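Labels for the chains are A, B, C, D and E, by order of writing; each one numbers its residues from 1.
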Amino acid sequence: MILELISIILGGMTIGSALMVILSKHPIRSVLYLVITFFFISGHFILMNAQFIAIVNIIVYAGAIMVLFLFVLMLLNLNKVDEKKTNHPISFTAVIAGGALLLVILAALKDGITFTNTIVKSDVGLVENLGTLLFSKYVVPFEISSILFISAMVGAVLLAKREKQHID
Amino acid sequence: MGTETLILFVLLFPLIGGLINGTIGKNLSETVVGTIGTLMVAIPFVISFSIFLSLESAVNIPLFSLLKLSDFSLNAGLQVDALAIWMTMIITGIGSLIHIFSMGYMKGDPGFYKFFSYLNLFIFSMLILVLGSSYFMLFFGWEGVGICSYLLIGFHYNDKEKGLLNTLAARKAFVMNRIGDLGLLIGCFLLINQFGSLEFSVIAEKMKSLSIATDSVAIIGITLCLFIAATGKSAQIPLFTWLPDAMAGPTPVSALIHAATMVTAGIYLVVRSNFLFELAPYTQNIILYIGLATSLVAAFIAMRQNDIKKVLAYSTVSQLGLMFVALGLGSYTVAIFHVTTHAFFKALLFLGSGSIIHANHHEQDLTKMGGLKKYMPVTHLVFLLGTLAISGFPLLSGFFSKDEILAAGFVHSPLIFSLLILSASLTAIYMFRMYFLVFFGQFRGDHHTKEHLHESPGVMTLPLIVLAIFSVLGGALNIPDFIVSNGAHWLDHFLNHGTFGLDKIHSHHLETSSAVGIMIGTSVITFLIIGISYWMYVSKQKVTKDEHDFTGWEKLSSKKLYFDEIYNALFVKSVEWKASKVLPFIENSILIKGIGLLTHMISFSGSQIRKIQTGILSSYFFWMILGIVGLISYYLIYFKLWNF
Amino acid sequence: MEAIIVLFLSGIIALFLGIYNQPKLTTIISVIGLIGAAIVQHYPLNILPAEYNLLEFNQVGNGFVVLAILLTLLIVLSGQKEFLEEKSHAGDYNALLLFSLCGGIILIGFTDLFMFFLGLEILSIPLYVLAGSRKGVSESSEAAVKYFFMGAFATCLLLFGVVLTYGATQSFELSEILSKTINSSGNAMLYVGMIFILASFLFKVGVAPFHFWVPDVYQGSPTVFMGYMSSVVKVVGIYAFIKFFHMAFGGLYDFWSTLIAILIGISMFIGNLTALVQTKFKRLMAYSSITNGAYALMAILYPSALSDSTLWVFMLGYGTSVVALLTISMIVNDDADEIASFKGIGYRKPLIGLVAIAALLSTSGIPPMTGFFGKLMLFSSVWSYYPWLIVFALINSAIGVYIYLRLIMTIMSKETATDTKEVIVSISQTIVLVLSLLLLVAGWLMLLCWK
Amino acid sequence: MPAALSITQGLTVDYYVILSSILFSIGAIGLMTRKNMIVMLMCIELMLNSVNLLLVAFSSYFNQGDAQIFVFFIVVVAAAEATVGLSILILAYRNKRNIDADLFNNLKG
Amino acid sequence: MELLIITVVLGLISFFVPRNSIKLFGLAGSFVSAAIAIIHLINFETGSYVSIFETTEMPFGLTFQIGYDGLGLMMIALTNLIVPIIILSNYNNSATSENRVFHALVFFMQFGLLGVFTAADGILFYIFWEFTLIPVFLILYWFGKGTNKVLLKFFIYTLIGSLGMLLSFIALGLKANSFAYSDLLAVHLPAKEACWIISGFLLAFAIKIPLFPFHTWQPDTYTSAPMSGTMLLSALMLKMALFGMIKWMIPLVPEGVAEIKWLVIILSVIGIIYAAIICIKQQDIKRLFAYASISHLGLIAAGIMVFTKDALVGVSIQIVNHSLIAIGLFLVADILESRLKTRELSHMQGTATLAPKFGFWFAIIAFASVSVPFSAGFIGEFTLLKELTEFHFAVGLLSATTLVFGAVYTLRAYQLSMFGAPKNETFEDLRWNEILVFILLTNAIVGIGLFPQCIADLVGPSLDKLIIIFNETTTH
């Protein structure tokens, strides 16, 4: 019951911080709220005994990606609120659409949702188990992802590099 | 050589003549062209005369099969019997005379060779018409003469003033004939449907074996169709208005085609189909009344025509009407007899008028003539004979042929008889009006023309004289039996014995007393009319009024009872209105615009759809999310899960 | 797998040659790499250990790989002139194209969702970059932005779908998913997951209402890469789509086929009707690609789509004609991309004219071009299942003919555009034109030796 | 699945399904409403994370490691996407001097 | 085989022939193809089927079969004999006759037509059918003076029709599991389905013929096309549709004929009268002949729908006859247009006086087109009208009005352009090639008019076969 309570509270906090991400006017605040959200989600991971993923999530997302976001924000000097006033009717319809999305997803899934399918505390999320799986069954995808990375790298360089001809 | 071969020569000579003149005639002198043209008709006349002399029974000459269809075939074949050879002789005989005349009349015309070529081709087509062994061949020639007639009516197409008018007349003739042809065509189809063949002989045979009821629908349909065809060619109501207009052609053409030969094709058709018409008294009655009406109407119109050729043209229509009356009364041989005599005197009259016109510098108006007697004695004499013959002057050819029609009418009913008498009297009236106006009194034309008035050359007068002789003596062909005992009704016998169907029809024989009575009566009327006319036009020197000055019935007559105007309003105008207003409207506004509207709608919807593509990212997300919502909703609907 | 390695290696080499400023060599290397990959794919060397053979290629799959390589080859050749204008990046462009193609090949051969997901990303990520590679041009960046955001969103949709599917079936293997789905028609999670996956696929293929990115991105991207997107990516995407839905969700055919048929019907009209009112060439081609993508996707509606050559012929015809037309567009080289600037080019340069006619007629589906046979086979295959869709497709073909015919008339006009520049056709472009002409007219005969 | 443990363990997979659906929808709403492209990028990361959350839940529920490997790959891809995305952002910023998404509407119609 | 190949080869060579000798090359080449057709005619054994080429193993169930029977051979001979005449009549028209591309396109067109007439596979038929559109479109586009709108209309119209046909072929082919003619013949269809399928075919053919109300593309296209283009269209391309109806539509879907028979016949009859009446007041001579063509073809189409042996024989004769007449009339129109620089009848008056030879030959062609005796049309129309009357009296009667209307508008056109006092100063009389064309046409028209049996013999046995197929299905 305690775990259940914790997870419910954690879930509520996750939703709340996620909402703050899209509600806060200032982008830097959004980034910070997002980092907090990631932390909460990692908390869920730990609750489910998926330690490796929890760590990766914090390191890669909160540590690397979000820092990158902050860097870019600072670099482009975008830390002031320059977002135009939100157009209310448009955001209203957008919220309606998003709400409808949630609604239909839940409506569709409602037959399956009985809150009886409880989660087993398993060991599969431990580093050792995952490592074995990754380097045996999923070694090819692992290697293949190198193509992804190299193209992302090349792409980033290609796009972000300043050309000699036109210097702004 | 047998008849089979000879008859081919009869056919081929005019064709060859036409082709020679048409192709190389341009480089030949007029004399050569004329001679070739004439010989190519004269020789067939001689040949056909010899065939006529030796003809014993009908000869059927299959030539070749044009097209074999599943249940019957279109055959080219000839058939020589009494009727055919008689018509051939009329055509070639009168044809050659007119050819001779044309050599003089057309002298100096740039289209001289063409003219002779067309004439020869016309003779050829006409011969096919009468010699053909089937309705198909008849139709072949039927159409052929139509074209030649078209070409000849519009012969002077490039005339500065009247060129287009001439061709309009030609077109009118062709189109009206085509309407008739339509009847013939449909008649042919009905015949095929009924008898499975178009051969005269086969149909005649089947008529016997099939034992078709009198006045059955099929027969009435067929005969009516054939009669429509006949009204087209033979200028009967309602299709008669083309014939007077056709006088736009050169005068020999009028003589040959529109008086002596082509217009009798309708008579020939009905006589040829006598076995069919005999079974359709209903149609015969229609023929009778139409013929009578035509005869009277045309005679009435002829009363106050001022154009010499128009008078003759309406006279022709009127005479053709009389022939149809004879046909309607079942007196086929009488009709042919009248065809024959009419050919003589009408050709004579037309050629005579040609001679007059030639002398008058192509002036045809009666009001501009007068007193020509002294300038053109030969023409005057033959013209007088012709006029007398057509008016039924006793013992001339017209007297006998018309008398037989009257006799037939007398047998039928007194009303018909009296109307026939009226028609015959009208003939005499307008003919003598014309005769006196032309030859008596003072010359009313201009001075210039007067100086040049002259008798026509020998080539022109010679045929006139020959025709005059025939017009006078033609009656001898069919003299009533109470006048001569031996050889009476020779033509009747000849035709009856050599033509399908006719042998079974017995002509009505009047008692001698009534016959003599009719003869005397008509003679008296004719004399009276001549006398009155002489008194009016010669003694009182009455001169006809100008066309515009007519009033009352005279105006009605001069305006041709407004037939042209009525037709124009009823048919021509409505078709032209459709052609120039209604159908282009359908075409442009409904069909084309309709399609245009469709394409416009398509591109309009394109430009509307285009507006969704706003270029703003968040709207694209919005649509995509709505898309997913839609997809899931589809799932919910699909499994009917819409119950929360 | 070997083909991927060959492509990857040649991509790396090209990258390094680019760094050392050898732009022409990079071209040669990429061409060699492409040809080598095609050969290796067709005649496998079998040198890799067995566990590396994670990808499965049946005969049809092989054919599609070869087709993708062939189209890429044409694109690489036709783009050389543009690559060489920015010498310092020629290596990058070539390498990114090759990397992307690797992703494409993975997408053809995948058997589980891991490879599928990675393949999709490897295919897409270089394209996000390439779309924005004309750096000074704001349209190009806009295209990249739009492509990236919508692409990433589509990835999210895909992943959400995958996770729900996994939740319903407990597996990432296509075959196991299939075996689970056959008996579990009532599983809501499976259906919702499938719908999300469907949405992301529809996005990739550009089917309404997920088509919005297509015109904007195509128009903004450099012409070469637009060629790649509308030919290779389409070929691969549609093949993967069909494979995924037949191999994993085959049991739910009744459900999704109707849904997809409806969406295809809508897309055809949206694509064609909007193309009708375009004045920019690339945008017109983009809308036309929506329509043609919809035609091609019809193959999903009949069960034997994966084992016969119908789709192959269609995509051969469509891909080749797109590449040919875009090559012509590059030759015309009009910055504003107005259709009017094509006026008379075909009359002045008969080769271009001939290719343009062949390509446009092929796209219109007029015999004897390859496109006709593609359409014929496609339509006759689907006819028994969705006749009304074929009627729709034929109506759209007619509208399409109107669009393409107007293009032909512009290109073949005797008059020329007023400000006519000298038209220069480079050697590589000539090769592309000749090759595509050959493929367009007689490409369908390749089937004779294919079977 | 083992029902005996359910009461004490407490966490049901359905709960995560709902939670992750909510997070996913929040991300989607953010994508539609926010104009700042960096925030939009963050929304995408949020959506990816909601997927991760659900995957891990399923992984534990099914007692299978594969799903967590999948999460690993998602993280990999997310990193790559973020890299490319940010560089595209920088590029866009250079051209427009702004990263407001609504300003990028030259291509339309 | 050489029948088909030679046209392609000729077309390809045309691109490389020196510009100054292309005229002669075109003429010589087309005469060679004509000679080949004549050889085939001579060697043909009546009632047989000559297979030219046959493979059954092709991708996607297409069978590559070509061959001809009597009907096909008639069309082949017609094509190969008409093309030289077209090239000949175009000989002095320097804009086209000295153009290499033009000749190549004509030869490709000929190839397509031959393909249509020889194809023994539905899809192959469709392929050739569509293929013919391409060269003719380019001829119209490059050498005509039509606006893009007109050309688009032409192309889209015909294409929409052919799409219907394609659909029908697909539906039929899926039933037969093959597209081969013989297999398609064997398919039996339920009535409702047959109705749909035949409608698809009908759409294609009705637009191509064209039947009322699908004809609106035709007058515009004809008037804007160059002379040779108009000739190709009316003399040959329309015949594809008639041929298609006889050989493909009716025998393949006899079950559906009953449903659409009356529709087609009524439309045809409306077309006959409608087009004829429009002609009566038409001022543009080329447009007039275009509408006249609609009127004539309506009669043929109605005849086809009757589908009896006699009707089809009449149709065959009329097909040939109409081709000849169309060439003659459009040549006339072009001579007038090119020399007077106008197509308005009211500006032409009196040409016959200035150019007597032209007047003469125009008269011949005009009379041939109103089907006077000795012309092929006389026999053809006689047979057709006979069958139509037998089919239904009213149909026959209404169709037969074409005799009257035809005379009215043709003679009007002749009269307004040729007769009267000349309006123009000079008018160059016929050139040698034009005279030669007229002589050839006249010989052919008169020849067929006198010996129509040759055509009946040629096509008879194949028609018999078709009718047997038709009757078997419809009676069961």
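The definition used in the following text is that contacts are C-beta pairs under 8 Å (C-beta built on N, C-alpha and C of every residue); 3 or more make two chains touch, one makes a residue touch a chain.
Computed from a prediction, not measured in an experiment: that's the story for all the values here.
Chemist: Kindly list the shared contact partners of chain A and chain C, in label order.
Modeler: B, D
Chemist: Starting at chain D, figure out the least number of steps needed to reach chain E through touching chains.
Modeler: 2
Chemist: For this structure, which two chains share the highest number of contact pairs?
Modeler: The largest set of C-beta contacts joins the chains A-D.
Chemist: Please identify which chain has its centre, taken as the mean of its CA atoms, farthest from the centre of chain B.
Modeler: For chain B, the chain whose C-alpha mean is farthest off is A.
Chemist: Of all the chains shown, whose C-alpha centre falls nearest the centre of every protein C-alpha atom combined?
Modeler: If we average C-alpha coordinates per chain, E lands closest to the whole-structure average.
Chemist: Can you give the whole-Å distance between the Cα centres of chain C and chain E?
Modeler: The mean C-alpha positions of chain C and chain E differ by 43 Å.
Chemist: Can you give the whole-Å distance between the Cα centres of chain B and chain E?
Modeler: 37
Chemist: Report the inter-centroid distance (CA atoms only) between chain A and chain E in whole Å.
Modeler: Going by mean C-alpha positions, chain A sits 71 Å from chain E.
Chemist: Using the average of all C-alpha atoms in each chain as its centre, how far is it in Å between chain A and chain B?
Modeler: 103
Chemist: What residues in chain D touch two or more of the other chains?
Modeler: 13, 17, 24, 27-28, 31-33, 35, 40-41, 64, 66, 69, 73, 77, 80-81, 84, 87-89, 91, 94, 101-102, 104-109
Chemist: Which positions in chain B are in touch with at least two other chains?
Modeler: Where chain B meets two or more other chains at a single residue, that happens at 610, 613, 615, 617-618, 621-622, 625-626, 628, 632, 635, 641.
Chemist: By residue number and range, which residues of chain E touch two or more other chains?
Modeler: Nothing qualifies.
Chemist: According to the definition already given, which pairs of chains are in contact?
Modeler: Contacting pairs: A-B, A-C, A-D, B-C, B-D, B-E, C-D, C-E.
Chemist: So in the complex, which bits of chain B are touching chain A?
Modeler: Residue positions touching the partner: 618, 622, 625-626, 628-629, 632-633, 635-636, 641, 644.
Chemist: How about chain B: which of its residues touch chain E in the complex?
Modeler: Where chain B meets chain E, its residues are 65-71, 74, 125, 136, 139-141, 143-144, 146-147, 150, 154, 157-160, 163-164, 166-168, 170-171, 174-175, 178-179, 181-182, 185-186, 188-190, 192-193, 575-576, 578-580, 583-584, 586-587, 591-592, 595.
Chemist: Under the touch definition given earlier, write down the residues of chain A that touch chain B in their complex.
Modeler: Its residues touching chain B are 90, 93-94, 97-98, 100-101, 104-105, 107-108, 110-111.
Chemist: So in the complex, which bits of chain A are touching chain C?
Modeler: Of all residues in chain A, those touching chain C are 105, 108-112, 138-141, 144-145, 147-148, 150-152, 154-159, 163, 166.
Chemist: With touch defined as at the start, can you tell me which chain E residues reach chain C in the complex?
Modeler: The contact residues of chain E facing chain C are 58-60, 123, 126-128, 130-131, 133-134, 138, 141-142, 148, 151-152, 155-156, 159-160, 163-164, 166-167, 170-171, 173-174.
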